[in-house]
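Sharing a structure with you now.
Every chain is named by a letter (A, B and C) in the order it is written, and numbering of its residues begins at 1.
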Amino acid sequence: MTSTAAPSPTTIAGSTSFDDITASNASLRRFLHGLPGVDQVGAEARAASLGTRSIKTTAKAYALDLAIRMVDLTTLEGQDTPGKVRALASKAMRPDPADLSCPQVAAVCVYPDMVGVAKETLGSSGVNVAAVATAFPSGRAALDIKLADTRDAVEAGADEIDMVIDRGAFLAGNYLQVFEEIVAVREACGDAHLKVIFETGELQTYDNVRRVSWLAMMAGGHFIKTSTGKVQPAATLPVTMIMLEAVRDFREATGQMIGVKPAGGIRTAKDAIKYLVTVNEVAGPDWLDPDWFRFGASTLLNDLLMQRTKMTTGRYSGPDYFTLD
Amino acid sequence: MADKETTRTVSPFEYAPAPESRAIVDIKPSYGLFVNGEFVDGTGKAFKTVNPATEEVLAEVAEASEADVDAAVKAARRAYTRVWSKMSGAERAKYLYRIARIIQERGRELAVLESIDNGKPIKESRDVDVPTVAAHFFYYAGWADKLEYAGYGTQSLGVAGQVIPWNFPLLMLAWKIAPALAAGNTVVLKPAETTPLTALLFAEICQQADLPPGVVNIVTGAGETGRALVAHEDVDKVAFTGSTDVGRAIAKAVAGTDKKVTLELGGKAANIVFDDAPIDQAVEGIVNGIFFNQGHVCCAGSRLLVQESVAEEVLGKLKRRMGTLRVGDPLDKNTDIGAINSAEQLARIRELSDIGESEGAGRWSPPCDLPSNGYWFPPTLFTGVSQAHRIAREEIFGPVLSVLTFRTPHEAVEKANNTPYGLSAGIWTDKGSRILWMANQLRAGVVWANTFNKFDPTSPFGGYKESGYGREGGRHGLEGYLK
Amino acid sequence: MNARIDVRKTYKLYIGGAFPRSESGYSYVVNDAKGKFMANAALASRKDARDAVQAARKAFPGWSGRTAYNRAQIVYRIAEVMEDRRPQFVDALQKSEGLTAARAEKVLDAAIDRLVWYAGWADKITQVVGGANPVAGPYFNLSTPEPTGVVAIVAPQESSLLGLVSVLAPVIVTGNTVVVTTSHERPLPAVTFAEVLATSDVPGGVVNILTGTPASTAPWLASHMDVNALDLTGVAGDAETAASLEEAAAENLKRVRRAPAAEPDWTLDPGTDRMTQFLETKTVWHPIGL
C-alpha cells in the first residue's frame, strides 16, 4: 500500500535520487506519511527491554571508553565565556588527567561565537569543534540569517554544524520548506559535517520522529540529532531507537550511512550504555563509532570517568576526583 | 544479500557473561510430597529433575502413587470441610494477600529456581513470570470476599484437582491455585514432572504464610499421577493446562461424572501482519510471539501470516532481528532464548522441523553457537509454508515460526481460522476499523492487536474449539470454581 | 352420506429452512397421549444429522454476524407467529402431552413468554457477561461473549414445546445455530414449531429440527467434528447414554451441558446459564498510545 502510493527513492549509477519525492510538498508528504507507523507502546517496550541488558566487566570497559569517545562535550549557555570554553576544551582532550589511557572526546560543542576560542585550544588534538547554528535553539529566524550564522561558524573553524530545523514549518506540514532549508544549510556548511537537530520534544510523536528523520537524511544531513537540550523531554531512549531504525533503513534503501546523536538528558554512564546497546542491536555494530554516533552531553562525561575509574581501581570514586569544567 | 543474511556481523561490543547468582536458591537432594501442610515421603518411586541447560540432575522428587494422591485428596477434603469452606471470604483473602507478598519478597529466589528447573531466561522469570504470579494472587485475593458481586453464585465446589504444564510452572500454578482458593475451594495440584521445584518451593511459602494444612497439596509425578488425580472420585473440579491430546483424554475420563472441568489446551495462533502495520513493532511482536519462552507457549504466534506486498520487507527485518537474539545460559541476564525444557520436547521440535524441511519449506536460522550440553534449539523460521504443511497445522511448541502469506483480509481470516485450535491470534495494522473487523472474525479466545503475548490477572484467557474451554484470569476466571 | 376423508399431514424434518423427508425414507408412528395413532413422523438418520450440521454450519456466519438487535427482533417474531397459531399448538399439546385445553393454553403461554424473555436478552447478555478489564499497562482490554458455533441439542422428552423452546431460544438468541432432536414420542409440537420458524424471518439453517429417536442421531451429533457444543438435557435420567455421548463429544472438546437426573421444571426462572454455557469469551487487547 505504502510502496505504491508514495514516491520512492530511485537509484541511478549508485547514487540515490530523491527528486521524485521532493518534487513538491505533496509528493514529499505522501512519501513521509507512507512510512510505516510507529506504535508508541511497542516502541517504548522494545527500548525498555534493550535497557535491561546487563553490561559487565570487559563489555562495560569497552562501552565506557567508547561512550567517552562519542561525547560532544557541550556548553551552550548565555554565560559562556572564553575561559569556560577553554577549560571545556582542555577537558575534552584530557578527560581524566590522572589516567593517560583515557580517550579524548569526539568534539566540543559551542555557540558560533566561541568556535574560535575552542579551535585555538583544541588545535590539532583531533577533537572537533561543533557549533550550533541557524538561530539555535528556536530556529525562528529568516533563512539568510540562519545561513549567515552557519557560514560564520564554518569560517571560524567549526568542523561540525548542529543546525535546528524549523519545527513550526514541520508541524504545519510544510515539509518541503524544512527540506530545502536543510539543503541550503548543508551547502553553507562546505566541508563541515552537518547535524540536523529535530527537537523531538516539540515534535512529540514517534511517527513525526520517523518522518523528520527521513526528511533530514534525504536533505543531506550527515547526522540526525534529537534535541537542543533546551526543551524537555530532550533525548530519550525510544526516540533515539526510532532514529536508529531510520538510519538503518536508510542505509538499506540507499547504501548511505547517517550518524545519530541523542543530546540532552543523558547524565549517567548507565544510561549511556543503554544507548550503546540500542545502537548495537538496532542499527548494528557499524554505528559503534564516534563517526556515526555521538552523545550531546555535559555532565555525562564525569560519570563515565567515575565508572571507568571504578573499573580500573575496583573502588567507587567520588566527584571530587574529577574536574568540574 | 543472501551472504549478508547468513553471516553474523561480529560486533566489537560483545556482552560479557552476566550470570545471575544461584546462591540464593537452596535445592535439596530430594523432595517428598506436600500433603496436609507437611512434606511427606511418597509411597511410589522417585524421579529426577534436571537442569535442561546442563543436563545436571537437580534433585530427586517423589512420584505420587494412587495412594498418595488419595491421601492428598483426603487432606484437601478435610481442610475444605473443616476449615476453608467455613472461613469468611475476608479471612481467605488475607491468606492470599500474604502469599502474594511472600512471593514478591522471595521473587529473586523463585525466578532463579524457575530458570534452573525450566530453562527459561532469567530476564523472563524475573520480569514476567514471578511478578505476574504475585499479581495473580493479589488480584484473586481481592475477590475472596466479593464473590457475590461476580455474577456466578458464591458456593465453592469443594476439592479441585489441578494439573499444570512445564512451560510456566509457577505462573500456571498461580492461575490454578489463586482463583480456586479465593472461591473457597481446596486444591491438590500436580506440577509437570520436568518442573516440580518451584511448586515445592511454593509449598514452603504456604507453610510460611501459615495457610491451614490441606488447603494446598502438591503431588509430584508424571502422567499416571495426573490420571489418578483427575479420576479421583472425591475431586469436584478438574483444571488442566497442557496438550489437546491429554485434554481430550481428561474430557473422556470425566464424562458422566459431576466434575466441573476447565481445559487450557494447545494452539496454532496466526499472527497477521498487514502492509500498513507499524513494521518495527510488528517484527518485535513476531519475535515475542514465537521466541518468548523458547516458543513453549500455548498461545505462541507460531504461524506468521504476512501480506504478500510486505512479505520481503518483514522477513528481511525479522531475520536481522533474529540475528540479535542471544541463545544460551538461562541464568545469564542477557539471554533471550534459553534451553528447551526436555530431551523429549527437543526431539519433537527436531522431528517437526525436519518434516517441515522435507515437505519443502525453506528453513532458516541465524548463525548461533549452541552450548554442547543441555537441550538447545536455535530460533528458526520456515518460509514458503502453506496451510497443507504439517508445520502450519501442528503445535511445535518450540522456537519455530512458519511463515505464510496472504493477499486480502478475507484470505487472512480464512487461513487464520483454518485450524482445529482457537486460542489466540495477532493482528498488525494501523487501520482501526480493520482491527475491529479482524478481531470480530477471528475464532480465538485472545486477540492481540498491535501487540502479542500480553498477560494480566484481570484479563480472561482461554480458547475456542480444541484449545479448550473455560477462562482463567479476570472475573471470568472465578466461574470455573463456583456454583 | 360418506364422511369426508380428512387430509392427513405428513410430518417432515426441518433442515436448512426446508422440510425434507428423512434421507433414509423411514418414518415412525406417533401416537397421541392415549395411544391412538396420530401421524407418521420422519425418522431422522445419521445422514440427516450430517445434513443438518452442514446447514447449521453454513448459517452460522450470517446468523452470528447479525446485530443483536436484529436477532432479538427475529426471536420476538417467533413469539408473534406462535401467538397467531395458538389453536394449532394447543391442539398439538393436548394430543401429545395429554393436557386439558386450559393446561395446554398455559403451557403455550409459557413457551411464548419464554421466547419473548430470551429475545430481550440478545442485546443485553454482552453487557452482563462481558466488560473491560483494567490491565496493569497501557492497553485497552475488552472481553466480549461470542457464540460457540454449531450446537447440537437433545431436546426434553416430556415437555415437547415449552421444554423445546427453553433449550432452543437461549442458544440461538446469542448467535449460535442449532441441530435439535425432538422429543421422540411427542414430536408434533416441534414440527409445528418448525413451521413457525419457517415463517418468522429465522434464516434457514439457524434451527434444524430432527424428529426420530435420539439414539439414531444423537451419537452422530455428539461425535461430529464440526459440532462445537452438545446439550444433553433431553437425556435426563439416562446416565449411561449421557456418559457415552459426553465421551464421544470429548473428541473435539465440545462444550457439553450434562444431562440432569430428571427433566427440569420448565416453569421456573431459567436464569442465564443456558445462554452462557454456549458462549465463548473473546478478549481483545490493543495498546493505548500516540
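The working rule: a contact is a pair of C-beta atoms (placed from the backbone, for glycine too) under 8 Å apart; a residue touches a chain by one contact, two chains touch by 3 or more.
Bear in mind that the values here come from a model prediction, so they are computed numbers and not experimental data.
> Measuring between mean CA coordinates, which chain is farthest from chain A?
It is C.
> Find the two chains joined by the most C-beta pairs in contact, please.
B-C
> Which chain lies at the heart of the structure, taking centres as C-alpha averages?
The most central chain here turns out to be B.
> Using mean CA coordinates as chain centres, what's the gap between chain A and chain B in Å?
It comes to 43 Å between the two C-alpha centres.
> Quick check: how many Å separate the C-alpha centres of chain A and chain C?
Whole-Å distance between the two chain centres: 69.
> Quick one: report the Å distance separating chain B from chain C, using the average Cα coordinate of each chain.
Centre-to-centre distance between chain B and chain C: 37 Å.
> At least two other chains touched by the same residue of chain B: list those residues.
Counting only residues that touch two or more other chains, chain B contributes 450-451.
> I need the residues of chain C touching at least two other chains; which ones are they?
137, 139, 287
> Identify all positions of chain A at which a residue touches two or more other chains, and write them in rising order.
Within chain A, the residues that touch at least two other chains are 39, 41-42.
> Which chain B residues qualify as touching chain C in the complex?
Residue positions touching the partner: 135, 151, 244, 247-248, 251-252, 255-256, 258, 263, 265, 420, 435, 439, 444-451, 454, 456, 458-462, 464-469, 471, 474-476.
> Could you please specify the touching residues of chain A with respect to chain C in the complex?
By the definition above, chain A touches chain C via 39-42, 44, 204-206.
> Sort out for me which residues of chain C touch chain A in the complex.
137-139, 287-290
> Within the complex, which stretch of chain C touches chain B?
Residue positions touching the partner: 128-129, 131, 133-137, 139, 141, 143, 148-149, 228, 239-240, 242-244, 246-247, 249-253, 255, 258, 280-287.
> Taking the complex as given, what residues does chain B use to touch chain A?
Of all residues in chain B, those touching chain A are 9-18, 123, 127, 275-281, 284-285, 309, 316, 324, 333-334, 430, 450-451.
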